[in-house]
Amino acid sequence: MSHDQFDAQGRLQHLLTLADLPRPTLLGLLDRAQQFHTQPGAAVPEYDLLAGATVVNLFFEASTRTRASFELAARRLGAQVLTLDMAFSSTNKGESLLDTLYTLESMNADLFVTRHQEPGVPETLAQHSRPFVHIINAGEAHVSHPTQGLLDALTIRQHKKNFEKLSVAIVGDIRHSRVTRSAVQALTVLGTQDIRFAGPAELLPDDLEGEKFTNMDKAIEGTDVIMMLRIQKERMQAGLIPDEREYSRRYGLNVTRLKLAKPDVLVMHPGPMNRGVEITSEVADGPHSVIREQVTNGVAVRMAVMATLMGK
Amino acid sequence: MSHDQFDAQGRLQHLLTLADLPRPTLLGLLDRAQQFHTQPGAAVPEYDLLAGATVVNLFFEASTRTRASFELAARRLGAQVLTLDMAFSSTNKGESLLDTLYTLESMNADLFVTRHQEPGVPETLAQHSRPFVHIINAGEAHVSHPTQGLLDALTIRQHKKNFEKLSVAIVGDIRHSRVTRSAVQALTVLGTQDIRFAGPAELLPDDLEGEKFTNMDKAIEGTDVIMMLRIQKERMQAGLIPDEREYSRRYGLNVTRLKLAKPDVLVMHPGPMNRGVEITSEVADGPHSVIREQVTNGVAVRMAVMATLMGK
Amino acid sequence: MSHDQFDAQGRLQHLLTLADLPRPTLLGLLDRAQQFHTQPGAAVPEYDLLAGATVVNLFFEASTRTRASFELAARRLGAQVLTLDMAFSSTNKGESLLDTLYTLESMNADLFVTRHQEPGVPETLAQHSRPFVHIINAGEAHVSHPTQGLLDALTIRQHKKNFEKLSVAIVGDIRHSRVTRSAVQALTVLGTQDIRFAGPAELLPDDLEGEKFTNMDKAIEGTDVIMMLRIQKERMQAGLIPDEREYSRRYGLNVTRLKLAKPDVLVMHPGPMNRGVEITSEVADGPHSVIREQVTNGVAVRMAVMATLMGK
């Protein structure tokens, strides 16, 4: 599947998944992102790498923060950005996904950023788009969220020297988590071998390799990185997992539990957080947390991906 | 009515309708649009003709594609674009149409692009706006959609040498079609005499000259251009026309039927299409189709209209 | 409370309220706004004072015109603008107000424009934001709407020489009016002493100094400025005030009533107007009305506030 992302000359044309992404390609994206990284409060450079280009945000699933991140990334590169809230608008008239693509590429759109609750949409768009068009997967069902995986990898790299020796625990609703799948793919390419999953048995995955724990304490023991996942409250209502209080007691990250990990452990969360449920505010805002750095890196990674795909 | 569009010096101030538009004015707009035309995949030039200008999209009727086309056209000319989704927002507080106009022109808006399901709105805005303001009709009830008429004319001109000798068939819900009315006006100015309408009897118009057919096969026989219209499924539910299957059988364009037209016939559709209802995918994506070219020309035409109205 | 607005060097960091704003600061903002003022129809200069800056519109309460005014102000200064309609979007996932702030400032947002139906939100954001971030209150419950107060003051200053000797009547739902509170604060700083309030007894305020009238005629007698407020029809439905007809008879501004004021009285309204209820069209569009000038000044004032906060 992943070679669909490359054009005939072997250049990255789309970013659909991190699975099997060659290590030099992935490292190249991280290096580029590091160059685009701007510390909050510092002056944001204005680039013209994408001047004249049109970036379309085609979001079928609502997302304020991811949309904002892509929109700022594109604009800071000098692109025109068109944001279409597909959850409401075009489907009114029942235009098909592909006709929306054909219409917008006929308006000289160059790059589509898409998010959809169903699997396969980014790949479908990539298969049917004209040769000059680029697709970025900004969240695909439970399957893939590659720019999230890249920003997670970049954030870890800014703090840890060596991916090979890392122990990483991912905690929460692993089964439904595109964040997890993309993080695992990135870490695997970068050489990390010790990736552990923790969560209620019903939410552990069938399709992922790595040690699985229903006991969070055991999973995070001695880890360098803990990635907490957002728990969907709808899953509680469906009775799949315990209520908030019980969930928090068993799978929430708090200061006491954090001591089980290495002293220099990094705490990550893709946001938005349910404070007091999967993570306490003391941890989220504490010295181990790199959660806000992830957000800053998100913009940088998206700039790197856009510039790379557009050959700039 | 149409002389409302011109200012005291005879310059086009608004674009409300194509009815009675002088032939040189219409040809001038097409020539200008041709200059702005950019092949998909080619680099889009960035103009500064509208630098400092503010374009307001005042859409009372939802439209992803038309709004996107106008937004890109304005931005590629260097304008600031403000998009107001009037279907939801301002009417919350019950501000009248004219007060919305007065407010936005007091904020130095220069050009309003408006779409409304009721007739008369663009003209009302033009009558009450200050002398420095320009109004573009982006879709008015069943009455008028002048930029669509222009893009249809431009698309035909790119393929056919002579409008006078053309045979054009328009098929579908003619009665409720602003697309048809603007296309007929444009073609009439350009000298086309043989314009035929086909559709269920209930959907044929009272107010348009031209031969009318309830038999589509007869209508398209020997034509140079077939313009298919989008059928509103609501009209089926209302029982005004047959169901999808029957409609498709009688008024859908398929490969077999297409052979009745001239060998170099152009197939057009304003979009969004109901594939498999008024048109088969084989035809929509086939060699006669210029449907995607229409979309590309739409941006060019809107750039031409904006630049012309603003005196640039 | 108001000293929260200033940083350690005494520079205005946020604009949360006009209460106790030092007179030189307020006059400086008005002078700056006068420089940014552009007559409708004149060419709008494009500034690059905010080039590279990111302005986020964080509107929890819908508002087409105020959002448009801030958006145009920011863009005309060269900023990137990100508009988040918080009434619909992010709260979907239940992200807290502060996490939204932390996320967006981590994306290098510099300036937040916020509007909320609950009191305290702008101050909360100011207290928790990083040192490089600026907050502008664009409407806070019934409490404060400082840019409205500034634009009202600027509009009066363009017509009247002296604030000290002015008589100003404010008419309508004073109790729930943030517009009134900010106008009174601005006028008080500028030295106006004669500020009168008129409205139904239930809608007169407890917390504002100034003479109160239930008889509008007495209130506006001999005034230099009449500020009419928008009446919320919901209050009528709640039975708090008379119906439209009766309200209009007792508290509506018409031509007859206007003669009670000074011959050069200014008529103001923050918009959107209920024409025929709190004000007749004859007055709203008549020679005393400066209502459209208020809108033009609104953009200028917001440009001045943004440039000043950003230290430009």
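Here the chain labels run A, B and C in written order, and each chain numbers its own residues starting at 1.
Heads up, the rule we're going with is that contacts are C-beta pairs under 8 Å (C-beta built on N, C-alpha and C of every residue); 3 or more make two chains touch, one makes a residue touch a chain.
Quick caveat, the model's predicted, so the values are computed rather than measured.
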- Item | Chain copies touching (chain B, chain C) - same or different residues, decided at half shared | different
- Query: Hey, what angle do you get rotating chain A onto chain B on C-alpha, to the nearest 5 degrees?
  - Reply: 120
- Query: Just how far, in Å, is the C-alpha centre of chain C from the one of chain B?
  - Reply: 40
- Out of chain A, which residues touch more than one other chain, so two or more? none
- Item | Parts of chain B lying in touch with chain C, wherever the complex brings them together | 51-54, 80, 82, 84, 86, 88-90, 92-96, 99-100, 102-108, 130-132
- Message: Quick check: in the complex, which residue numbers of chain B touch chain A?
- Response: 38, 40-46, 62, 64-65, 68-69, 71-72, 75-76, 230, 233, 271-275, 292-293, 295-296, 298-299
